[in-house]
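Heads up, the next two complexes both have subunit A, just with different partners, subunit B and then subunit C.
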Partner chain A sequence: MNKFIWIFLLFVAMVAQSAMARPLRVVASYPYIGDLVEKIGGRNVHVVSLARGDYNPHVIIPRPSFIARVRNADLLVISGAQLEIGWMPPILRQANNPSVQPGEKGFLDLSRYVTLIDVPASVSREQGDIHPEGNPHFYLDPYNIPLLAKAITEKLCEIDPSDASYYRSNLDEFVRQWNEKLKEWKEKMRPLERVAVVEYHKIYDYFLRRFGLPIVGTVEPLPGIPPTSKHIEHLESILESHRAQFILQDVYNPDDASRHLANKLGMKLIVLPHDVGAVRGVDDIFSLFDEIVRRLTQ
Partner chain B sequence: MRKLCCIAIFLALLPARTYSQEDTQAKSGSPFSQAKFVPDISLILDCSFVHRNLSNEQFDNLSIPGVARWMEPLHAQKGFNLNYGEITFYSVVDPYFELFAVCHLSEHAFHLEEAYWMTKKFPLGFQLKAGKFLSSFGRINDQHCHYWDFADQPLVYGAMFGEDGLSEIGARLTWVAPLDMYALLGMEVLQGDNEGSFGRQGLQDSQGTVSVSSIDGPSLFVAYLKSSVDVDDASVLVGVSGARGTTRRDDGFSSGDQHGQAFSGETEIYGCDVTVKYPLDAIRYVSVQAEYLRRNIDGTLYFREVGPPVTRPASTEHLSGFYAQAVVKADLRWRMGLRCDMLRTDEGVMKELGLGGAENLPRISGMIEFNPTEFSRIRLQYNYDRTRYDFADGVPIKITMHELILQVNLAIGAHGAHPF
Partner chain C sequence: MTDILLSTFLLSVVLLGMHSFYGIEVIKRGIIFTDLAIGQMAAVGAAISILFFDGEYLFPLSLVFALFGGSLIAFASKRANSHEAFIGLVYAFGLSGVFILLSKSYHGMETFQKLMASDILFTPLEEILKTAVIYAVLGLFLLLVYGKTAGVVRDFIFFVTFALTVTISVRLAGVLVVFALLVGPALIALKVQKGIPLINAWIIGVIINLVSIIVSYNFDFPTGYTLVFFHALLALGVSVAPVGRSKEIRPGT
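Then we have the complex of A and B:
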């Protein structure tokens, strides 16, 4: 009988051991988050990003395979501010994983760690696809990235306190490299200060605001509503008084309206990546901003 | 005069009083306000304009042989239709439960289409749900009408489960397997009152020669396995489902109707489905979906000719059908789709009706959809329908029906995202 108890205890110990030793399974809603978690978590994490970086982050097909990923996750990190509202809730509900539900230890909403801009005083769907909590594309402000990295670090330390010093040293190293990069990007962006631009969708606001590029209009008449000829005419009249140099286009929306405007008014159309994996060569958070700065300044 | 004075004084005091009230309220607010706990509430409205090559009366007299006539609540009348209003409520209850309810409103009626709770904290990949809900049998049974890819449901669903689908009171346990691949196992224990295929009411003949007792507990059991793999960018979802329950039908038999008949038996329904969704780019996709259902009913038919009831034992009835559809999202706002429906009727039933033998009854539908935003949809659908017979003159006549539906579906409020 005693033998059986020993064997059982050994088995429990083995299961516990394997549970402790295996890397933390982290699911990230978008690739930029996955990359940040990998940079902080290093060898201790196994990260899967759900959405593709070159797709519209608002409209992601909630593939059943996402359910399996979330089912097996120890930690789910979302961008938040309702960017995932159109696809994440059914995934979470069907995944039957209590430890990654909102409010639990295994859930992290990054939008809680930054200040959102353009928080509407009142909301109505007459205004298009607006986000009541503010503009959700906060991760395109490079000065927000260290805050997000810190939030991820604290979360990893909370879940896996035994290796807290490892995560903190990874964060220190990341922030050191990031601060160097920030200096470089700031330097390169300086000549563009006060250069007016037009965006297709209000996706680069955080970046443009940070580096002092005023936004004089959007190609979309309202968030999520495709351009109409009437709106384009209106935009043209605005652009006659405000000289804007660039039209900034994301990689997933049709660019015919932007192209038309650029040709007609002699502006430069620049396609910018918005996430890791949006364009070739952007394979981590550093190269994402390198590429944005490069495309704007070249 | 005194009355008038009183009113005048009252009116004079009124503004001052309201002012002071507002003043204090603004300072303190209600200490017991629960306004921030309002659940997600949404209203969906569905309207349509229908044209058919048949009059409403002709259309009402048509039926599909061997299929319990289901009252199609959608697009029933030529001209304008108010199909439904749907009010949904959703919120987490506490850390342990979620609650979801859908109230289905028609012009003069209200019914609770779904109202159930779900667990949030079950371990090991399990989840328990109970209340009234749409069974997850098959691919589309648990989808609400406004989420359908076409204006109406596939024929085979209407034929087997009626207009509301398999919506039952009961409990469901699901388990998501801890695999890299999505695999869901589900089991449902349901009361089994569905009029299309099931039922548990007792049968009674006034002379006492026939007596079948009611089943008081749950009488319908459903199980399914759903699994999905990603092939490159395509998501492939397959499912197999089974339902087994008692069947009771009583068409005026217990009430003593001269031509009344009744049925008591067991019904099994099997289904398999496959869905492939392939994104062409960030906006466009192609989605192909097909589903096959087969129903076997075994049991005893009771009917009255002249005199005492007659029993026809061991009658077995088969009904099967499938649909296959392809939907393309062609750009941000436009979708179009084609659907083929087929029903195969039972040989015995057809012979009884003087129709030779088992027959394949087809319907073909095409739709084009304009979605100004995700909250509004305008859809034009054409149905070519060769499934219905006119039995009015004693001789069944097969009718060809052409149907054109212009549907508008709008949603307001906080409506949750839809699953795959």
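Then we have the complex of A and C:
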């Protein structure tokens, strides 16, 4: 009889073992987050990113699999600061997965781990829930990336403490490589310090601030509002007294207004990737910044 | 996932039930784009709610503007000869109005998209059931009253209830899905030789909805667009086919 109990216990142990070995199912809102989670989680995670890197991050068209993936997720990592406000809330509601709701263990909002810029000094009550938390494109400052990697590491350790040392050693290795890269990017960006630029959308602010490139203006009159003739006229008059060298354009907005300005005022139009997968060759977080720096400095 | 797909299917059937009736009517009257024009006027109401009331009173304001658009078209369909042009202009007026209003609102466009990005996958079951009850009551009312009226009263009932349903449906499923469900099955049903067009539209519509939702799930296509695609594809195919009682689908009856 004892033998059977032992066999049974062995069987239970094997089932438990295989359950433990199942990779954590992680859903990331954007590809840059998915890449970071893969770099830290390695063999222990199975990651899917919902949005595509070459689309406007503010808007996505939902597909049935988005709901299924969030429903089965152990961890949901979002960028936050209202970047997903237009599409994530209904997916979260329909997925009906209590463990990845905001505030739960299986939910991580990366914007909490960095300092946001352009936060309005005071938010009046009349604005209701539409008040902006600040510029949400914080991940385009390469100095913020290690902070985000650390936040992801801590979260993975919290959910799966048995492999904490594995995640921490992955983080150490990632940060070491990243610091090497930071030196390289800083060196390459040095000649561009104090070179004035115009952006289409306020998306590269964190990057430009970090490397000391002043922003003269934006082609959009307000975030998300297409350029108007009066605004372009106003921008042209500013550019007459404040020369800018580049116009920075993302990959998803129409570039006709930027092209017009660039041709008229003799500026260089540079299209920059904003996420992993935005342009060919940008397939992880390292190559994202490599490509941004390359396009600015060539 | 079955629960989500089932409620999506249920919603598509509820919308179909109501809109097939209007679809057959708008095709007969030759005022097909009334739906898009009214939907766009409802969006003007939503934009005003965002700009001046921070998103409060969204539904009542949308409804007021939809009713206004509906009455304009009701009026014009009696007066003007070129009422299709008139309907097109109501649409253009609404669309440009939304952009002008929101150009003065910080983050307005994002908020507008958030409120308007109604996807058929995202409608909670309670909303679907509520709408089913409203449409059942409205359908019963139309069944009992509409056929017995004529002239101005008939037009008034038609445009007011149409504006109401467009406002409700667009909020749940988006402009394009509502348009496809409105005219797709109705156009096919009017081509069928036998039976009552409304019943035919229901049967055809339910089959197309079911196929679209299964295809959308299996191939992971956006569900709303898949529905629109199949409704449009079938209606186009049937319309090109050289059979049917197309004589009855003349405008102006």
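Everything below uses one rule, namely that the second predicted complex is superposed on the first by the 270 of 298 C-alpha atoms of A that agree within 3 Å, B and C clash if a C-alpha of one lies under 4 Å from a C-alpha of the other, contacts with A are read in each partner's own complex, and residues count from 1 in each chain.
Just so we're on the same page, a contact is a pair of C-beta atoms (placed from the backbone, for glycine too) under 8 Å apart; a residue touches a chain by one contact, two chains touch by 3 or more.
All values derive from a computational prediction rather than experimental measurement.
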Superposed partners subunit B and subunit C on subunit A - clash or fit:
clash
Which partner, subunit B or subunit C, touches more subunit A residues:
B
Applying the document's definition of touch, where does A:Gly86 land relative to subunit B and subunit C: first, second, both, or neither?
both
Looking at A:Asp54 after the superposition, I want to know if it touches subunit B, subunit C, both of them or none. Which is it: first, second, both, neither?
first
Who does A:Pro221 touch here: subunit B (first), subunit C (second), both, or neither?
second
Touching A:Arg112, do we find subunit B (first), subunit C (second), both, or neither?
neither
Which partner chains sit in contact with A:Pro254 here, subunit B, subunit C, both or neither? Use first/second/both/neither.
first
So, A:Ile67: does it touch subunit B (first), subunit C (second), both, or neither?
both
Which superposed partner A:Asn97 touches (first subunit B, second subunit C, both, neither)
first
Candidates 59-67, 95-103, 113-121 or 257-265 checked on subunit B; the stretch that hits subunit C is 59-67
In the superposed view, which residues of subunit A touch subunit B and also subunit C?
59, 61-65, 67-68, 71, 85-87, 90-91, 93-94, 128-129, 224-225
In the complex with subunit A, residue positions of subunit C that touch it:
1, 4-5, 54-56, 102-103, 105-111, 113-114, 117, 119, 121-122, 124, 216-217, 220-223, 225
Given the complex, residues on subunit A that touch subunit C span 58-59, 61-65, 67-68, 71, 85-87, 90-91, 93-94, 126-130, 132, 221-225, 228
Sites on subunit B touched by subunit A in the complex:
95, 98, 118, 120-123, 125-127, 174-176, 178-184, 226, 228-230, 235, 237, 277, 279, 281-283, 285, 331-333, 372-375, 412, 416-420
Contact footprint of subunit B on subunit A as seen in their complex
52, 54-56, 59, 61-65, 67-68, 71-72, 85-91, 93-98, 101, 103, 125, 128-129, 224-226, 251-254
